[in-house]
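The structure under discussion appears below in the form of structure tokens.
The letters A, B, C and D name the chains in turn, as written, and every chain counts its residues from 1.
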Amino acid sequence: MDNRISFSSDYTKGAHPRILERLGQINLEQNDGYGTDEYCKSAAEKIKAACGCPEADVFFLVGGTQTNQTILDMLLKPYEGVIAAATGHVAAHEAGAIEFSGHKVLTISSDTDCDGKDIAVYSDEIGKIKASDIKAYIQGFYNDDNHEHMVFPGAVYISHPTEYGTLYTKAELSAISQVCREFDIPLFIDGARLGYGLMSNRTDVTLKDIAKYSDVFYIGGTKVGALFGEAVVFPKGVPTKHPVPIIKQHGALLAKGWLLGLQFDTLFTDELYFEISKNAIEKAELLRKALVEKGYKLYIDSPTNQQFIIMEDDKLKSLAEHVRYGFWEKPDDSHTVIRLATDWATTDDDIRELMRYI
Amino acid sequence: MDNRISFSSDYTKGAHPRILERLGQINLEQNDGYGTDEYCKSAAEKIKAACGCPEADVFFLVGGTQTNQTILDMLLKPYEGVIAAATGHVAAHEAGAIEFSGHKVLTISSDTDCDGKDIAVYSDEIGKIKASDIKAYIQGFYNDDNHEHMVFPGAVYISHPTEYGTLYTKAELSAISQVCREFDIPLFIDGARLGYGLMSNRTDVTLKDIAKYSDVFYIGGTKVGALFGEAVVFPKGVPTKHPVPIIKQHGALLAKGWLLGLQFDTLFTDELYFEISKNAIEKAELLRKALVEKGYKLYIDSPTNQQFIIMEDDKLKSLAEHVRYGFWEKPDDSHTVIRLATDWATTDDDIRELMRYI
Amino acid sequence: MDNRISFSSDYTKGAHPRILERLGQINLEQNDGYGTDEYCKSAAEKIKAACGCPEADVFFLVGGTQTNQTILDMLLKPYEGVIAAATGHVAAHEAGAIEFSGHKVLTISSDTDCDGKDIAVYSDEIGKIKASDIKAYIQGFYNDDNHEHMVFPGAVYISHPTEYGTLYTKAELSAISQVCREFDIPLFIDGARLGYGLMSNRTDVTLKDIAKYSDVFYIGGTKVGALFGEAVVFPKGVPTKHPVPIIKQHGALLAKGWLLGLQFDTLFTDELYFEISKNAIEKAELLRKALVEKGYKLYIDSPTNQQFIIMEDDKLKSLAEHVRYGFWEKPDDSHTVIRLATDWATTDDDIRELMRYI
Amino acid sequence: MDNRISFSSDYTKGAHPRILERLGQINLEQNDGYGTDEYCKSAAEKIKAACGCPEADVFFLVGGTQTNQTILDMLLKPYEGVIAAATGHVAAHEAGAIEFSGHKVLTISSDTDCDGKDIAVYSDEIGKIKASDIKAYIQGFYNDDNHEHMVFPGAVYISHPTEYGTLYTKAELSAISQVCREFDIPLFIDGARLGYGLMSNRTDVTLKDIAKYSDVFYIGGTKVGALFGEAVVFPKGVPTKHPVPIIKQHGALLAKGWLLGLQFDTLFTDELYFEISKNAIEKAELLRKALVEKGYKLYIDSPTNQQFIIMEDDKLKSLAEHVRYGFWEKPDDSHTVIRLATDWATTDDDIRELMRYI
């Protein structure tokens, strides 16, 4: 057993205790399968209320890659691909799940201030794509005489927070949404870490904004207090007559669907989802201040629960004796960028222990 | 809330209490993701010991359709399909998950004694396919001058127990295995309800036999005491160099993989899996005897936890006020075949309550 | 070089001489690519006139399997499959091309009078499926409580003539069409040998009927006078906004599309297509009469250009010294069913030569 | 009918007259289908001799996208993608045919000297990828801790000539080949315009070099003297036991395969393929010199049959009255880059006529 404290990711622990408690309470209850149970219904109602979209369709899936793959297959026609940042999860880290489903990921470079030569210090914009770039891509596509021999842009995918912990502003989301609607292309927001974005001190985006600007998004549970689970929301309704066989066909229909419903019902009771998301942000802020005080160079000035710092390899070696961290990249031969992630359960003590070693 | 007692399926309840207890104990432990944790390792070791195959590779996936789809994609070349009973789960009830992955299901009629005219009473053979039929299929394929324009048989899929609760004998499994090895085609056994097969009073097949005769099989958790999860075993090792990206590509790689490991570690400690499977069999036997005593006609003389009876529609209507059952089929205008399933948690009281209404 | 006369199939020769002549005439003309040329436009107009459907969309593809695969991908949603006869080309002889595109073939047994024991003599109905069976299949599907876990019927595929040379009557086509329209499912008619069906002495079906009763069909060129090519007709328009990228994505967009256009333009000038189809029928009738006179047993009383007879293996051996035939199947140990196909270029001399050896 | 002279592409005309002549001669011969005929055998032998690889497997397919899709499906495991230039045909202009088959195209930027601000003048390197970049990509992949969640590089695809008419040197091909062999990854050379590359005045690469350095390549017919057709060569043998069903499954198995065999047999008799390729090069050189003399700015100093020039939009407008050209791109608001392609049938008169208008 590895007993070092871990900041390697935000999915190293189980679930919020209230979830385990309720799982225990209903354990021998008999529920209908495949998401047709009462807990799924209740959770969906609470989520629709929180999102301010009573017309929404809500589904519960198990994990992020599965959700991205299944949603995109619902959105895209066979000859369409999805526009995404080159650093987006669907483009880079899903082992080709989108292509396995027959669709191309049409990548746009995400914005960086990196000079590419010295030790990189990225801007707050890394991981994001711009409305103007999306528009230019789509216009460029339709202006190309040859575009019927190319992959049609059929959806736009963004992550909020991004894979680098950065956030879109409300104005940016609004602009992207406007481009999408201009070209009648749905906007899909990957919210695997949505709670940590919404509870950031540096955001003007609310859950209702997410629902307003997107055509589909999901509220991540796996990384935010649940054992597993992602709540998929189609604010204006799901665009296919038969979503269930599509979900089933992807091997994504959980038999005991109430396990998902119950978890999200718990997270959306008494604002638990927001409360525990806030905890991760507070601990990340503590950590960030302590790091800056100790003179560490932030790789990204992240407003969410993932903090990235640049360490000398010698120091990192001794840190590794006490702390598990996320390897991010090697900007040169003697430094390493690492990720330190807080989560819904991180305590002040955890931060203090980490800072002792750093 | 529907408070009627339910015998509609064997996946209406949560998990064995020992599993919930251990989930609680380790809830705030920090574990590595994607199945690389200690619980998965420990569970795999216990399963390999129970199967008598120390060289096996073991993976943990979430659900049955997902597992069938992912395994078949590991086994089959692009131009190959899988031989299965027409009534097999992969052929009939997975919304085309196998075809979604590009493979054809090559169906063989499963054996029946049904005369197709009167109210059907099926034999114990329903849902099974025969070694001789598989051999005839494969030989017929290779004897066809045109076979390079057809789908090559690339694997054989059987369920044990079958979707009808019936069981293969050891001699039958051995014969099927021999045909597969003669033609160098892997045998895949779907064990979504494996425990209920192994603990039947009417079987000579052990877990070690399953491992011996197959090239890959899985030990069902979802229907046998776990919240979810299927333990996939390749007795002679997995046939691909990189199983992880294939699993990931199917959206089937659970982030918190230890949730699967821990559940199977618990089920394979002190033979819990077998003990709770035995409970379902004992309760099914109680039920079967009571039904026969009351004069009910068994649709199939099932040796496992699923019992099928033929009811007059009038009687069924009043039964439905108190009991949830599984609809199976309508053999004529005034009768219905229903399924009554026991499980790892069914009690004597449950059976008594059911028999009061029946 | 094999100099035996061949009746093995209807695609052993090149093209009608008028096609070669025109290819020579325009060889150094410069044409636009990908089917945007004048010959494709002209051919499409002539075909639309012949079909009596001025609103139709017409495409030209290269071969049968390619056409079936591409059309079905245009018709079907991801969770839908195609209903077809178990003996249908898409079900049996396309190496899984439909499943490669992600769709299941939902098979219905085609009607036979075969007793399955003696040497089989099939009825005129072999290879066909019935409106009532299609309706029963679709109704059975929607009546199944579990149908959202099954593959939705999304199109009906029939071949006319069938793979056995048999023909639907106008009443049968009308009935199938009606079922399709009742359930809002498109009817797709594979006309790889359409000319030979339309020119049969025993049919009441015209090209306009084909266009009237179907939602899409194709007029086979490969087997009826062209070097290659199938003219796809959507009488009421193609159901996708962007057919070209779908065709391209299947590798089915011929660069020099005018080669297809020119061939069909020729075939649909002065009714050449019908005239040469008639030739195959006349020769097949000559052959059939001669065979019956010599006491041969017809396996199917085929009304089109494919004749099937049952031969003793000894006789077949000596026939094979002079004649190439199509092997069909072995009904018992001492007999073989063979196919003898006439085509657009078969002559009276060919038949006389064949009869000398038979 | 558009009677302007066309330099828009190299696939605007039919076939070399010798091909049409032979098609006429054998038109009523009866040949076996699906590429099993004598012409395919003869053509394969001649190609193997020309390539200096007697152990090769040779197949004949119809068109380029079809060939790329089918070959890559033979080369790649399900979790693998293909490395290609971002400007490569498989990456940019096949409507997602590779993703339709389930594989990701892993793009590497092709080398350019373009400064991106003024009117671009590209170097001779555009469209090419470097051995060092391929190596860095593969090493970067395996060094990434997360690579099992990414798409494995499973093949390298290059075009020779590239889509921009540029050529690899023998040293560059050798270096790329060495990287591929170091990592046990096959090298696939798209030779849709191979003849025009081999006959360039500025190349040291022979057909035998192509065969030596690659694991599979094809000899383009569609753009070099044939009606259609690409001859696929696996110098060390095809890497799958059953190529035919894979070809069939892609809808790529031509019924009258001898049409392909005969064309390549003709092209590889008396070095016709090389002779007619040389014609295109000579005419392109004439054109290039004339353009430079007239003061035109070459966009790329192309060594093959495609010439790219930058024209003022006003001049282009009047040119368009007499000449069809290929639109390439708009470097700024008042200029356009156009492509002028010569081919196997271009005459001195054609060039003279073109130069009158330019």
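Worth pointing out:
Here is the rule we use: a residue touches a chain if its C-beta (ideal position, glycine included) is under 8 Å from a C-beta of that chain, and two chains touch if they have at least 3 such contacts.
This is a predicted model, so every value here is computed, not measured.
Hopping across touching chains, the smallest step count from chain A to chain D is 1. Most remote from chain C, judged by the distance between CA-atom centroids, is A. Separation between the centroids of chain A and chain C, computed from CA atoms only, is 51 Å. Chain centres here are Cα averages; for chain B and chain C they lie 41 Å apart. Distance between chain C and chain D, defined via averaged C-alpha coordinates, is recorded as 34 Å. Within chain A, contacts with two or more other chains are made by residues 78-79, 94-96, 100, 102, 148-151, 244-246, 248-249, 253. Residue ranges on chain B touching chain D, taken from their complex, read 73, 77-79, 102, 148-152, 240, 242, 244-246, 248-249, 253.
Across the complex, chain A is touched by residues 78-79, 81, 92-96, 99-100, 102-105, 145-146, 148-151, 327 of chain D.
Contact residues of chain A toward chain B in the complex are 1-2, 5-6, 9, 11-15, 17, 20, 23-24, 26-33, 38, 62-70, 94-97, 100, 222-223, 227-228, 244-246, 248-256, 259, 324, 345.
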